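Next come two complexes, and both contain chain A; in the first it sits with chain B, in the second with chain C.
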Partner chain A sequence: MPGANRLRWLGWVALLAVAVPAPLVLGELQLFTASRIVIFGLWALSLNLLLGQTGLVSFAHAAFFGIGAYAVGLVWLHLGWSAVIGVPFSLAAGGTIAFLMGLVALRAVHLYFSMLTLAISQLLFVLAFTAYDFTLGDNGIHGIELPPFLADTSQVYWFVVAVAGFGVLALGIVWRSPFGAALQAIRDNRLRASFIGLHVRRYELAAFTVAGMFAALAGSLFAIVNRSAYPGLLDWTQGAVPIFIILLGGMFRFYGPLVGAIAYVLLEEVVTRETLYSNLVLGAIFLAIVLIAPTGITGIVERVVGRLARRPSPGLTSLPEPLAETLAGEFEPSTRDVET
Partner chain B sequence: MSTLLSVRGVSKSFGGFKAVDGVDLTIDAGERRAVIGPNGAGKTTFFNLLTGLMRPDGGSVQLADAELTGLPPHRIAAAGISRAFQITNIFGRLTVRQNVQIALLAASGRAYRPWGNGWAEKVDEADAILGEVGLPYAAGTPAAALSHGDQRAIELAIALAHRPRLLVLDEPTAGMAPAETGRTMELVRRLVAERSITLLFSEHDMDVVFGTADRITVLSQGRVLAEGTPEEVRADPSVREVYLGTGDAAR
Partner chain C sequence: MGIDDLVIQFLAGLTRAGLLFIVAAGLSLVFGAMRVINLAHGSMFMVGAFVASSVVAVAGGEYGLLPALAVSAVAAAALGLAIEVGVLRRLYGREHLLQLLATFAIVLIVSDLVRLIWGEENLSVTRPAALAGSVDVLGSPFPSYNLFIIGLALAVGGCLWLLINRTGLGRDIRAAIVDPQMLGGVGVNVTRLFSGVFVLGSGLAGMAGAVAAGSGAVGLGMDMDILIQAFAVTIIGGLGSIPGALVGAGIIGLLDAFGILFVPRLALSLIFLAMAIVLAVRPSGLFGLPERA
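Our next item is the complex of A and B:
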């Protein structure tokens, strides 16, 4: 459908046209909100490389976000370097730790893999908490100083947009590449993928590493905007945020999590302003999405557009498989005694 | 003729039960070999041992001069064996064309590239294969949405995309209507001949077996009961007793 392609390009151009000049019209608080959208968007996009594209449910994504934040904080605290050095450094730190974690966690499949990511990321959380001399423990690192070129909110915002833009571009290139296509095949049928000659575990490890890199990049931007890094960022329950965003936006389109991030951050603001029980309300919305619209906002829009174009789209009516499989605890058949 | 596949004494037990019990099998290049036997004889398990789904307890598997014993599926695929499954095993959310594209990409050894447009590659080649298996009309449909018979055709297309030296088909016509069965086997015979692929298949339909195989190996309770040309196997009294017992199955 060439029409859909043109629409997609138009969407990206519109996004840039809104995101770049935003500081000229928005106030300080609103800019802060806009930064959150950009950062959470990048974070969720990186997770969706695993969830939507590879079918891996990782509970370690908060850990990588936190690692990125600490990359900024620790570079500033211990080395006395500009905090901005921590931003590229976060890619290396997140990638390295993701690679090592993946080596261990990917020895298991499905729910067991998810549980291993949870266990290892809690280990990192405790480490951040207790290594007082290195991380300042539960106090966290606060008051991170920024270089002169990030003196005011608009400059910080533009910096965030530029770095996140690079991240989105990189993830987009990976998503549509042959490597990305292979990940989709692995998502659909891990076993058959190995029989057509794909070294499944190696592909999954590569995806896990890339996802960790860009989650950390998002975390480093969080530290720049908030000028702090603290252990709570690594807590696995924080990992619910990007999962929520992905489900809200839709996991089967690259841009789904970006749409989800806009919806999530705005929703969160409204809900926390209007009610005392924000988590309860957000939880109810989450449940409603999973039950009623498992393909998220992009899925709904596509179906409506498809119907208007009198072209039935093969919409899903059930829970997205990777998540459903994990929730149902459906494991690899035990007949497989050779690892892929 | 030169030997392509050489299997020596492979075994596999589940608990104490010997599903495959010291099977020898030698297949010449270009041969079409059927493996038959009653339900539970160990045909699928034997194929699992050849293709890396399971590791044999003992014995060896060689393709030409390459030692394949105990290698994982992706290494065996790279060595030139491709396989279709008895129970349809495809990429459900990918489109029919993408199912073949990814098999072609994987076979090319260049699926790892994290740049370029993945689904823009191998389109023509994939469509050619879809044309051959009779599925061109469905190229853009998610594979999971197709009928059982069409999914069997995708199963075959994925295995063929690989351009294997040895093609292993586990009951390629399982669950097909008689007309579909005839067409599918005709296709298999033609493609195998055109591409000089060696064929190893299991099948319950005796018309299919006798119409396609150059040689037949009969398995029973995990062991080789008999081996020979279709005429020899048909005439073998022990085979008639164990497998063709009712007599009229072998027309």
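Our next item is the complex of A and C:
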């Protein structure tokens, strides 16, 4: 659909045109909010590689975010290196730990897999919490020093946007690659995917590893912006944040989590400012989305646009276009009759 | 450290296990029959504890906690009914993820409602006079309230066993654990059965909350603390299995008690270590059925 493609490109260009010059107009606090949007957006995108694309529900995604933050903190604390070294290092750390965790957790399927990720990630949380000599325990690492080229808030913001931009690009390439198409085939029907010759567990392990890498990258940016890393970041309940972002934005479009991140961070700020009972309000909003609009903001917008353009609207279980296109090219004979 | 210390610690572990069993049995039943991971189960527990504190405040400390057990169970069961009918029923047949997210949204809502009603201060609840003392175990004092918890857990376990293995309702629940669609096919009202199971699970969690109110502080945050431990128990035992919940609760309770005694630094991680090891070796838990495709 050339119209939709052009619209999508326009969207990306508009996003860059807003994100890059933001420090020229925004104040310090607003810039901090903008950084949060970018970081949470990358975090949610990485989770959506598992959730939306592969259909894996992982409770460990906060752990990888925390690992990335600690990569920055520990490199600065123990090695005396520049905290910025921790940013590329977080990719390696997140990837390695995700690979090892995946080896164990993917022995189980469905809900049992989710529970295994919960157990192992809580183990990591407790380790970060109790290993005083290494991580400073429940105090956390604070006051991380940044190099001179990150002296003021605008520079930090541009650094965050540049690194996160690289992450978004990389995840976008994965999303649209044949590898990404294979993951979607696994999500739609694990059994059928194995029948057409996909080594399902190996693909899932690869997806889990890549998702862990980029969640850690997002976490490392969090540590740069907040200059701290602490055990609470790894706690599994924190993992609800990227899940709600994905839900808000819509999980069947690549850009859904980015839309969700904007909505979530702004919503959270307004709600915590206006009421003492923010959990009550946020919980009610999320519950309403689950019940009424599980395709999220992108789903609603597309349904409205689709109705205007008089074409069928994509439902929760309908195949996203990129998947349908790629599948048509790659695996046509066996997936033509995919039921959803 | 003498043998009497070990015995006391063993009994302390059993006390913890008893409380965990009552919570985890409900969680496990709900999961087994409905395939819903109910993150709000801990919230029912917390509501039960706070309701108990109010009942004791009204009825007096001398025997107030005993009626509170019943009142808390009923309050949590009513909340469970509202959640099942108002939320979960709309999501059956949809993705598991949506059910999970809905229960998490309820966790957020309930935690703030509890804060709204009872405030942020930790509350303490007086034990009933008859259970306030301690009994002599090999020369060391052991709280009689803890023995009451162990006894109550055994009674709950016995009742659940009778319910599941000796009644028509139990037969339906067992069938739902294996195949709810087939159960619907032979004419059982599965929707109503699910409501019943969810109400039963919620009531058990509420009663456990009242029990816990008598042995420690009642405060915000107890919902997530108990949830993660109840998860560990059900997962080790096998989701959907009551005997599994009993064995799992024993393992976690004793690990907790002896972990603090022997390896205090590692005590916190032992639970998750046990959970990971059991699942890595037996992916569906000790007594669980393999996951339905």
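Heads up, the rule we're going with is that the second predicted complex is superposed on the first by the 314 of 340 C-alpha atoms of A that agree within 3 Å, B and C clash if a C-alpha of one lies under 4 Å from a C-alpha of the other, contacts with A are read in each partner's own complex, and residues count from 1 in each chain.
Just so it is clear, contacts are C-beta pairs under 8 Å (C-beta built on N, C-alpha and C of every residue); 3 or more make two chains touch, one makes a residue touch a chain.
Quick caveat, the model's predicted, so the values are computed rather than measured.
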Which holds for A:His142: it touches chain B only (first), chain C only (second), both, or neither? neither
Per the contact definition in the header, classify A:Val200: touching chain B only (first), chain C only (second), both, or neither. first
First (chain B), second (chain C), both or neither: which does A:Leu247 touch? second
Please indicate which partner A:Pro178 is in contact with in the superposed arrangement: first for chain B, second for chain C, both, or neither. first
Could you say whether A:Leu191 touches chain B, chain C, both of them, or neither, answering first, second, both or neither? both
Is A:Arg8 touching the first partner chain B, the second partner chain C, both, or neither of them? neither
Mind working out whether A:Thr130 is in touch with chain B, chain C, both or neither, as first, second, both or neither? second
Do chain B and chain C land on any of the same chain A residues, and which? 191
Which positions of chain A touch chain B when the two form their complex? 173-174, 176-182, 184-185, 187-189, 191-200, 203, 206, 210, 252, 314, 321, 335-340
The residues of chain A that touch chain C in their complex are 51, 57, 104, 107-112, 114-116, 118-120, 122-123, 126-127, 129-130, 191, 236-237, 240, 243-244, 247, 277-280, 282-284, 286-287, 290-291, 294, 316
Given the complex, residues on chain B that touch chain A span 48, 51-55, 70, 72-74, 77-78, 82-83, 85, 89-94, 98, 101-103, 105-107, 109-119, 121, 141-142, 145, 158, 161-162
Residue positions on chain C within touch of chain A in the complex are 31, 35, 37, 87, 90-91, 94-98, 100-102, 104-109, 111-113, 115-116, 224, 228, 231-232, 235, 239, 265-266, 268-269, 272-273, 275-276, 279-280, 283-285, 291, 293
